[in-house]
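The following pair of complexes shares a single chain, chain A, combined with chain B in the former and chain C in the latter.
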Partner chain A sequence: MQIDFHYYATYCAAYLAGFSHEECMEICSSAQFTDCCSVTLLSGIGAPLSAATTQLQLEIMDAKADILSLQNITRIWASFHFLPRDLSADVPGGSGLYKNKYRLICGPDSDLLAATVELAKDKSLQAAGIAMHVLADTWAHRYFAGTPSMVINNTDYDFFELIPEGDSYTERRVTFRHNPSAGDDLEKSIYTNTVYQFSENSVMCLGHGRAGHLPDYSFIRYRYLPAWAGYEAVVKDNPSEYYNAFCQMIYAMRYLRGDLPAFEKGVYDTETAAPWEKEIRWILTKRQPDASADWKALGELLSGQEIPAFDTAPFTQDYRKADKADRDETVLGKFIIAALAQKSMVTNRIWKSGNLLAGYSVDYMQEGFRGLRDFQKLVEISLMNRQK
Partner chain B sequence: MEAKIRKHRHTLFIAGYAAILLGIWDTVKTILNLTIRQPLFKQVEQQAAAYTHEAMILSAVFAGVFIFILTVILMSIRLTIGRAAIRLGMGKEIKCGVMVFWAVVLLLANASGSVLSIFGIIRGGDVLDLTSSFLIDLTTFFMMAWILTALYKLKKLLVQTGG
Partner chain C sequence: MSYLQRVKSFMEGVGMLLAILILMLSDESGASWVVFILAISLILKGIRSLVYYFMMARFMVGGLTALFAGAFLIDFGILSISLADEARIYIFLYLAGWNAFSGLISLLRAWESYRNKGRSWILNTLYGIVNIGILICCFIFRDSPTTLATLYCAGLGYSGILRIINAFRRTEIVYIQ
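Up next is the complex of A and B:
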């Protein structure tokens, strides 16, 4: 998903869940910041690099294809943008490596999603924001995996956009080209995607790169053949799925706020969203590359307050100015702790399922601290909480 | 069944491009053979040496035209097969009788070529040259077999589904 949903729509969902304007701003800012928190940004402010929740294009271009680099890429993208749906999925055939990649395919309503939301319970608003980003992306990035893999993430010429016409749809073939400067032509279904490289572990086949920006457009419906599906076609109806994502965010945030006793998979709070359903569906189906203006208008209508444009500066400035001992109490400090926790949890679950694509994971409480120093913070916090 | 239809269409699409690429190579190989390795010009020139200067020029022009026509024919056959396979792969309904005819011709021609290459090697011919010919002929043979098999299976499925 993009800023229109991660920032403005998350604000709307948070407000409908009962948070105040200020709380909504913290949540939606963190949700959007998950798409900005790269190693480049963190290294510029002296923050722990392991807290990176995304990778810039240039960072991905520089990434090598050795196993450690691939594991690093998978840790980031599978933890925050392509949460695996079923780590023990029954795979019809293929080698062990193929099965491991198949099991990283993203999808909504997974056990990992429930764990993500539970992880944010009684934590900071920044943790809630990260959880909402992860939740939203499970809907948008469905059917793709957060690891470079041609046999999972590739697409081909059999890719059709479904254009609504009365009660049915007409199919229009999607033309992909690699021309980032030209942009997407929504009227002619000409979209930019990553370059085809005949290499299984090419970063060009990371996530939904081979399908371009299509999964992140809320208005689009399309039919295509995923590489993993054995020539079975998959239909993606983004307007419906994004509405489900919105309602599920309301439900999750009501749980995080304490209104509900538990978070269950497959439950969406359509009741709370119902009074605004018409407006929301209108925004979701409107054919435009960025729905930020419309979502902003809805959010301001809901709360009666102005929603400022997203800016990373407040995150980084406070962190840089604060003393080292106080950094964990800043907005970015709390975001970093939440990001480390999320990455640690997902990596651990993937590793425990017997899948080494995200690397090794250490159970700190049982085996003592080992590995990346950045994660020692989580151990310290855990020990502090135990003492309380 | 829809998945199988897509699979065979996909095969035809890929094989169509491969047939065209192999065709380009085959054409280049023929031109190189006739102009450098066993120069047609030189043979014509030797035979025409007994005649007048004008006859020699005419012979050279004839040789050039012959090479050009042969090139066009060779490439046209491959393009016919390749383009038809690609269009079938894209889901278009076309008459494929001509494509099937030329695919069978190429299949048999390259099968014969492969066998002749093996005999040539056994008889002590240029191993490197004959081996590379054998490999190319074998590849083309399998390419045509692949196209014909995919086409047959696709047609069968389309009849079953009423498509």
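Up next is the complex of A and C:
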């Protein structure tokens, strides 16, 4: 997903869930900031680098092919953008290596999603924003894994866009090109994707790179042969999936607000969204590369307040100016703590399932502090909360 | 990293440093040894590709390519061994290609980091300059197999030391409920 959904649609969902305009702004800003918080940004302000929630294109290109880099990539992308659906999925045949990759395939309504939303409960609004980013991406990035893998993420020429025509659809073959500076041509179904590289761990096969930007467009419907599905075609209907994502965000945020006693998988708050369903579906199906203007208009109609354009400056400026002791209380400070918690939790679940693709996890309560120093803050906060 | 992965990383690093020692002591035949190492790497890559096919790629749409690629790489590796006497051009192509790519990426990263007010731009610029410097050296000394072999050793040494450092790095992610 892109800024239109992570920022403006998240604002709309938060408002419908009952948050005030100011709270909605904090939530949707953090949801969008998850796509901006890179090592490059963090190093510029002296923040812990382990809190990175994304990687810039050149950071990925520059990543080495050694095991530590691959684990770092997997931790970032599986924790925040491609939450695995089933870490114990049964895979007929295949080696352990293949199974580990297969089990990182992203999808909605997983145990990990429930754990993600529960982790944000009674935490900061920034934690809620991160959780909403993760939740929304489980719908958009379904069928792809947040680890470099050709056997999972590769695509081939059998890729068609389904164009609505009356009550049915016509198929149009998708043409992929590899020029990142050329925009997608929606009229001719010409999209940019990553270059085919014959290497299992090539970063060109990270996430949906080989399918281009298609999973991130709300209007699109497509049929393709995923590398992992044994030559069975998969149809992805983004307008329907994005609507589910929107309704599930409302439900999750009502839980985070304390309106609901528990968060259950597979529940979508269609009732709250119902009065606006027509408008939302209209935005979701409108053929355009960026739906920000339409979502912004809907958000402002809902709250009667202006939604300013997204800007990373408020995040970084306050953090830079704050004394070291007060940094945790800034917006970015809260975001960093929430990001570390999410990364730590997801890595632990993946590791516990016997899968080492995201690296090693050490349970502090059992083994004490042994590992990356950036996570010391997380331990201190957790111990402080226990004492309270 | 698991203990096994740490041991593997350490051993690979030590192996690379030993290879440098052998290459430096071989004087004139050093360049042929470099080609021999590159050829063996190709054969190992081919074997890895075959293993990859049987363990993973056979489940993948279009995975048969891995089988053919494996066979081709082994074949090409064996051919390269027989061409070890014409070592200079192979080392030159390898070094020039690798350093041109790495240098470009490092400089682009430096620019990106500078624009984002990151601190790593100085280090990235330095990496880029070193890579471009090696690339220029490759062109200047393209007729000297000994110098090309020395440049190859420099890269090998860098990778070896990195692997040894990685073997001792803290990598665990701490979890607390």
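We adopt the following convention: the second predicted complex is superposed on the first by the 388 of 388 C-alpha atoms of A that agree within 3 Å, B and C clash if a C-alpha of one lies under 4 Å from a C-alpha of the other, contacts with A are read in each partner's own complex, and residues count from 1 in each chain.
Here is the rule we go by: contacts are C-beta pairs under 8 Å (C-beta built on N, C-alpha and C of every residue); 3 or more make two chains touch, one makes a residue touch a chain.
What you see is a predicted model, and the numbers here were worked out from it, not measured in a lab.
Enquirer: Based on the shared chain A superposition, would you classify chain B and chain C as clashing or fitting together?
Expert: fit
Enquirer: According to the stated criteria, A:225 is in contact with first (chain B), second (chain C), both, or neither; which is it?
Expert: A:225 contacts both chain B and chain C.
Enquirer: Figure out whether A:233 sits in contact with chain B (first) or chain C (second), or with both, or with neither.
Expert: first
Enquirer: Looking at the overlay, what does A:148 touch: chain B (first), chain C (second), both, or neither?
Expert: Neither: A:148 stays clear of chain B and chain C.
Enquirer: Using the superposed model, measure off the angle between the directions from the CA centre of chain A to chain B and to chain C, in steps of 10°.
Expert: Between chain B and chain C, as viewed from chain A: 50 degrees.
Enquirer: Which partner does A:84 contact after superposing on A: first (chain B), second (chain C), both, neither?
Expert: In the superposition, A:84 contacts neither chain B nor chain C.
Enquirer: Touching A:156, do we find chain B (first), chain C (second), both, or neither?
Expert: Both partners, chain B and chain C.
Enquirer: Check whether A:347 is in contact with chain B, with chain C, with both or with neither, and answer first, second, both or neither.
Expert: In the superposition, A:347 contacts chain C only.
Enquirer: In the overlay, answer first, second, both or neither for which of chain B and chain C A:333 touches.
Expert: Neither chain B nor chain C is touched by A:333.
Enquirer: On chain A, which partner's contacts cover more residues, chain B's or chain C's?
Expert: Of chain B and chain C, C contacts more residues of chain A.
Enquirer: Determine the nearest approach in Å between the Cα atoms of chain B and those of chain C after overlaying the two structures.
Expert: Checking C-alpha atoms only, chain B sits 7 Å from chain C at its nearest point.
Enquirer: In the superposed view, which residues of chain A touch chain B and also chain C?
Expert: 156, 225, 230-231
Enquirer: Going by the contact rule at the top, pick out the chain B residues touching chain A in the complex.
Expert: Spelled out, the residues of chain B in touch with chain A are 2-4, 6-7, 10, 13, 90.
Enquirer: Quick one: in the complex, what on chain C touches chain A?
Expert: Touch residues, chain C against chain A: 1-2, 5, 9, 52, 55-57, 59-63, 65-66, 69, 105-106, 108-109, 112-113, 116-120, 162-163, 166, 169-177.
Enquirer: Spell out the part of chain A that touches chain C in their complex, as residue ranges.
Expert: Touch list, chain A to chain C: 38, 40-41, 43-44, 50, 56, 58-59, 61-62, 66-68, 71, 75, 93-95, 97-98, 101, 150-151, 154, 156, 198, 200, 225-231, 343-345, 347-348, 356, 358-365, 369-373, 375-376, 378-379, 382-383.
Enquirer: Show me the residue ranges of chain A that touch chain B in the complex, using the header's touch definition.
Expert: 156-158, 225, 230-233
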